[in-house]
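As written, the chains take the letters A, B, C and D, and residue 1 is the first residue of each chain.
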Amino acid sequence: MSGSTIGKIFQVTTWGESHGKAVGVVIDGCPPRMPLDEDRIQAMLNRRRPGASIASTQRREKDRALICSGVFDGLTTGTPILIMVKNKDAKSSAYEPYADIYRPGHGDYTYESKYGIRDWRGGGRASARETVGRVAAGAVAKALLERFGVSVQAYTIELGGIRAEQRNLEEADQNAFLCPDMKAAEAMESRIADIKKNGDSAGGVVEIVATGVPKGLGDPVFDKLDADLAKALMSIGAVKGVEIGAGFQACRLLGSQNNDAITPQGFASNNAGGILAGISNGEDIIMRVGVKPIPSISIEQQTIDKENRRQTLSVRGRHDIAAIPRINVVCEAMVHIVLADHLLRQQVLNAI
Amino acid sequence: MSGSTIGKIFQVTTWGESHGKAVGVVIDGCPPRMPLDEDRIQAMLNRRRPGASIASTQRREKDRALICSGVFDGLTTGTPILIMVKNKDAKSSAYEPYADIYRPGHGDYTYESKYGIRDWRGGGRASARETVGRVAAGAVAKALLERFGVSVQAYTIELGGIRAEQRNLEEADQNAFLCPDMKAAEAMESRIADIKKNGDSAGGVVEIVATGVPKGLGDPVFDKLDADLAKALMSIGAVKGVEIGAGFQACRLLGSQNNDAITPQGFASNNAGGILAGISNGEDIIMRVGVKPIPSISIEQQTIDKENRRQTLSVRGRHDIAAIPRINVVCEAMVHIVLADHLLRQQVLNAI
Amino acid sequence: MSGSTIGKIFQVTTWGESHGKAVGVVIDGCPPRMPLDEDRIQAMLNRRRPGASIASTQRREKDRALICSGVFDGLTTGTPILIMVKNKDAKSSAYEPYADIYRPGHGDYTYESKYGIRDWRGGGRASARETVGRVAAGAVAKALLERFGVSVQAYTIELGGIRAEQRNLEEADQNAFLCPDMKAAEAMESRIADIKKNGDSAGGVVEIVATGVPKGLGDPVFDKLDADLAKALMSIGAVKGVEIGAGFQACRLLGSQNNDAITPQGFASNNAGGILAGISNGEDIIMRVGVKPIPSISIEQQTIDKENRRQTLSVRGRHDIAAIPRINVVCEAMVHIVLADHLLRQQVLNAI
Amino acid sequence: MSGSTIGKIFQVTTWGESHGKAVGVVIDGCPPRMPLDEDRIQAMLNRRRPGASIASTQRREKDRALICSGVFDGLTTGTPILIMVKNKDAKSSAYEPYADIYRPGHGDYTYESKYGIRDWRGGGRASARETVGRVAAGAVAKALLERFGVSVQAYTIELGGIRAEQRNLEEADQNAFLCPDMKAAEAMESRIADIKKNGDSAGGVVEIVATGVPKGLGDPVFDKLDADLAKALMSIGAVKGVEIGAGFQACRLLGSQNNDAITPQGFASNNAGGILAGISNGEDIIMRVGVKPIPSISIEQQTIDKENRRQTLSVRGRHDIAAIPRINVVCEAMVHIVLADHLLRQQVLNAI
C-alpha cells in the first residue's frame, strides 16, 4: 500500500533505502516563483549529519543534495521537485549477520511479517536514512513558511534521564545536544558517555515550538492541526508519544486552571499550545515528543531468527547512542511540512 | 477545506452540527456481504449517551440511528453507508449568550478566525455531538474487525488526579467511570462530586487496548499504524496527548530495558505497545490519551467578545464535568476505524 | 472500495440507492460565507425531474431537497453540507422479476460479479436516481462559480440520429429536448415517438459549454482540466465517449488547421476547446459526450439468470426512452463540480 | 497544486522537465515479492524511443532506466520504486527563440498564465519527455498484470486521414505505424511523407484493447473503470477525445441494437467495450483516443509574445510529425496503470 506520502496540497513522498542507489523525496504542490537552490537544502541536511555530538554515529555521509526537477533559474516552477542524495558510504557487509536475525526494537520482524521480504542492508527502508528525504522536504517547507513569518525550533528538554531546567532557546544551538540549558547539556554529555561505555543507549524528550503561525490553520474534524502534527511526529522512527501544550499534564489540572483566558491583547496563558478545537489560535504552537532509546545496543539481547530459533545478539558497528539530537531536525522538518500544507490549504478559504 | 474524512479505504466522513437538522456519517469502502443493522449501531450510540455517570450532562438525547443507504436485506452492499441521527433535544436559546462571546478553551475563537462565521448553537460543528457520526462508523468498523478476532477496549486510568492502581479490565464495565479499579472509581466519584460543587471541571487519562490485531498492519513511512492512531485519537476534541506502549516513560529507560526481547513464543515484554517501525507485531496494541478538563465551567472566566471587548463569562447549563467517561467510546470508535482501514489496506499485499 | 467521492478540495460524496430510505450527497470543502438555501438546490433538482419530454419516464418524484448541515443563517459555514432527498415513489415490487435476471446493458451482471450482492430494487446504486446527489452538489458548485462569472450550459445536439444544424443556445430552453435548433427538436420529438411505439430506445450527443472560466485552471500532469472533466463526464451512467474542442475531428486536421492562432485580442479559433496542455486558456470550454440508448426496452432480449440459465426479458414499466434530456442537467452538474474544485485549487497558487 | 499523482493504491507520481537533470517516476503501492529489473523497464522505454517511424523526431535519447529504490535482490519490496532516466541530449539553445513567444497549440501560454513562470527549455514539464515516467510506471504495472493474465495492446487505426480497414493485430508490430492493416500502413507512410514535406503535421486515432481483465474491476460511482481510463488517457498530451466500446457510434444505435445480449457462454456482442455500469464484465476492454496533430510545425503561424505583441512563428528543429506511433506505448502505459490500480483495489473486497 502507498503510505509514503504526507500532505494534501504540499505533498511529500519520500523514497529510498539505506543501502540502495539513493534516497530522496518528491514534493508536489509547492507554489511557483519561490527562490530555491541546493545550498538551502544542503544546509538542513548538514544539520542532521552525524558526528556533532558523542551521541551520534561516526558514519560519514557526504550527503550532497541534488535538485533534479521543479526549479528553473533559481525559482520553483510549481511542478514536482525531486531532490535526491546518493548513497555512498554504505557497508552492507556489516549488516549481513542481521539478514536472518531480527534485531529487538527494530522493524526487522514486522517488515518481514508484513511484506514477506525486506532489504536488510542497513535497515533498508526502516533506516533513519529515510529521513534525508524528510529533511530535504522540510527545507523547502521552511523556505515557504519564512515568507509568512513562521519559524520552528526543536530542542532537547530531556536526555538519558537528565532534564533541562531552563528554556534559554539561544543556548540550544551552543551545545551538541541542542539543549536550552547549558548545565543540563553538560550533565547529558557525561550521562551519555557512561551509557556508551556500557554498550547501552538512551532516550529523551524533544520540544518543538512554532512561532508566527497565523490563526486559522487546521481543518476539523479529522485534519485538525494537532491531529496532523501528531501523525507527522509519530511517524518518526523513535517517537512513542506526542503532546500539545500542557499535554498529559493538562489532564491533572482543573478546567479553571487549564483554560487560557482571552484578553483584548491575546491569550493570557498557553496551556492549549496554540491550538483550540484543532485550529491555530495565533499563539506559539508547542509540541513535545517522547523518543525511545536507540534499539541497537552492544549489550547481548535475546531474539530469534527467520526459522524461529533462539539467538543472542549484540549489535556492533557505528550506531547512535541516542536518536537525540539528530532527530531534532527531523522533528522540525515534519512540523515545517505540516504547517506548509495547512498554510496552503487555508488559501482556499479566501476564495470568496 | 475538506478535513471531514478519515481513512483511505474504509473512508469515514462525518457531517452535522450540534443544533442542525441531524448529525451523521457516510462510510464508503466497507466490504459487501457483512451483516449490519440499526440495532448494532444503536448499541454503540447508547454507550456514548450522557447520564450514566455524574460526570456527564443530563441532556437527554434520544439518538435513534437510521441507516439510509448501503445495506440491503441486512447485509452491506459495498456502497456508501449513510447513518444519521436526528437532532431533537436542542435548546439553541441557551447558547445565545455565547453567540458573540468566545468561551475560553472552546473552538469559538478559532472557528471564527478561520471561517469568518460559525454556528454558535451548541458549539456547532465543534460540539461533542459530532462524535455521534464517529461512534456510528466505529460500530461498523467493529463489526468488520470482529470477523478477524480483533477487539478494542477503552478504560479510565486517571480522572481528576485519581489514578487506577490496577487493570482489572472486567471491573471497568462495572462502574460509571469505566475504571478498571473499583476502589479508584469510588475515589473518582467523590472527587468529581467536589469539583462539580465548585463549578469546575476535570481531566484524566484513558488507556485503549486492541487485542487480536494481526501482524503486518501499518504502512510506512507516513501511514504507520501508530501515526494513524495518533492522528485519529488527537482528532478527538479534548485530547492533548497520545502515547503508544511505554510512551513518554520509554524515554527514561535504557535501550537494554526498553527493547522487547523476542522468543520463539513471541515478545517477552511489550514496551513497544504492539507496534514496531509503524507495523503491528502481533502483541496487544496499547495507547493512552491525555484528556483535558471540559472548558465549560460555571466559575467566572475572563474573555473577549467579537468586538474584542473584555467580558466575563460563567457557563451555565447542562455540561459534562469531564469528557471521561463519554470520550472512552469515542476513543474505541477511532481505534476501530483506523484498524479496519489498515486491515483492508493489508489485503492488497496478498494480491500476488 | 471507496469510489463515491470526486474532487480534491471541493469534495463531493454521493450516497443512496434508488429504493432505499433516501439519496443524497455530502459536500466537504465548500468555502464559508456563501449564501445557500434549499430553494437553490431544489431549482436544479426540478430540472432533472422526469416528465418534461416524451423521452422521459412518468414516474413522479416529489424530490424535496433538505439541507441537514453546513449552512447557518443562510450562509455556508465551511463545514460539510449534507443534502438529502427522501425516496417516496418507489415501487420495488415492479423490479422483483429482475431480482434474479440480469438486464442487458445494465449493471445487474457486473454489480453481482463485483460485490456478490446487489440491491436489485430499482437498479439500486446503479440507478439514475443516484444523480440526485450529483445535481444537488452541482447546484452548490454553480452558486460558487457564479461569483466568479462562470456559467455552464448543456444542450442536445443529436438524438435518435437527428442532429441539430444550429447552435441557437437560447432556443435550447424552449423545447423539451434542450436542443438549440427548434426544427431539429421537432424532428427529435417525432423520432422518439416512433421509437417509443416500437418499445425501443435511443441515444444521442450532448454538448456542454462553460463560459467565463478564468485562465490557469487545471493541474498537470494527471489532474489536467480536460482529464478531470473526462472522468467526471464518463462517470455518468450512459456516457460512452467524451471529447474536448474539435475532439475526434481534430485528428483529421493538419497541424496548420488545428492550431489556434494567438492574437493580442485572444485566440483566433477554439479547436482546443478552451484547454491547452490541460490548463484553461480563457476561451469557452467545449465538451461533447456520447450517450448510449437506454438499455431498458420492452423489445424481447436474450439474457441469463443468476443460475446462468437462458432467459428472455422484456422490460416493462416506466422508463425513459432516452437519457437525454434528463442527463443534460447531470452533465452540467459534473462540469460545475470539476470547475469549482479546480477554481479552489487554483487559489493555492496565489499563496506567495 | 499537486496533480502529478495518479492511482489510489498503485500510486504513480511522475516528475521532471524535458531539459532538467532527469525525468522519472515514483511508484508507491506496488505489492512486494514481484520480480522486477531495469531491463524490463528499459524494454518499454525503448518502445517509446523516437526514430522508428518517419513520423518521429530524430532526437537520440539514450534513455537508460535506473531503479534507485524499492527493489532488492531482483524483487520488489513493497516500498516506493524510484525510476529515473537522466536527460542527456538536451539542446536548450534551440528553444531560446521560444522563451518569450507562445507556440500555438502548446502549453506555453497556459503554463505562463497559471504559474507565472515556466521552464521553456524543450517544453519543460509539458514536454512529451514527461511520458518517460509514465512508460516506466506502465512497465511495472504490466509486470503485475501479466501475473493475472491481463494484456494490453495499442494500435493505430487512423493517421493523417488514412483509416485501417482491418484489425490484424499481429500486423501492428510489423510496421512503423503500429497499424493492424499493412496496406493502410503503407498509405500512412506516403501521407506522412507528404505532410512532412509541407512542414505540417498530422493526427489520428489509436485503439487500445485490454484482454483477460477479470470481472468486477471499477469502483462506482465516480471511480468507475471507464471514468478512470478516460481520465488517464485524456491526461496524455495530444489526446482530445476518448471513447469506450461502440463509443460515439453507440449514440446512433437503438437500444435493441446497442444492448449486448447475455448468454450462458458470455456476452453475444461487445458494444459496451467490456464495461457495464463502470465495472468490467469479463469481455475485452476496448478504448479509442483521438490524437490531435503535433502543434510544432514549420509553416508560419500567428502568435504573440510575453508582451502581448504580434509575432509570427515557424517552429524549426527536430519534431515528430505525428504523436502517433510514439503515443501508442504511452496509451498502453496509462491503461496498464489504471488496471493495476483497480486490480489491487479489488483485493479489498475479498477481505470477508
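Everything below uses one rule, namely that a residue touches a chain if its C-beta (ideal position, glycine included) is under 8 Å from a C-beta of that chain, and two chains touch if they have at least 3 such contacts.
Because the structure is predicted, anything quoted here is derived from the model rather than measured.
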Relative to subunit B, chain with the most remote C-alpha centre: D
Comparison of B-D and C-D by number of C-beta pairs in contact, larger one: C-D
Centroid spacing, where centroids are CA-atom means, of subunit B and subunit C in whole angstrom: 39
Whole-Å gap separating subunit C and subunit D, where each centre is the average of the chain's CA atoms: 26
For subunit B paired with subunit D, centre-to-centre distance based on mean C-alpha positions, whole Å: 46
Per-residue overlap in subunit B, given as positions that touch at least 2 other chains: 1-5, 8-9, 14, 29, 32-33, 78-79, 114-115, 125, 220, 345, 348-349
Subunit B contact footprint on subunit C (complex, rising order): 1-5, 7-11, 13-17, 20-24, 26, 28-29, 32-33, 66-70, 72, 75, 77-82, 84, 114-119, 121, 124-125
Subunit B residues within the subunit A interface of the complex: 1-6, 8, 14, 102, 104-107, 109-111, 113-115, 125-126, 130, 158, 161, 195, 200-205, 215-224, 226-235, 237, 240-264, 268, 271-273, 275-282, 290-297, 299, 301-304, 308-310, 345-346, 348-349
List of subunit B residues in touch with subunit D within their complex: 8-9, 29, 31-34, 78-79, 144, 147, 220, 343-345, 347-352
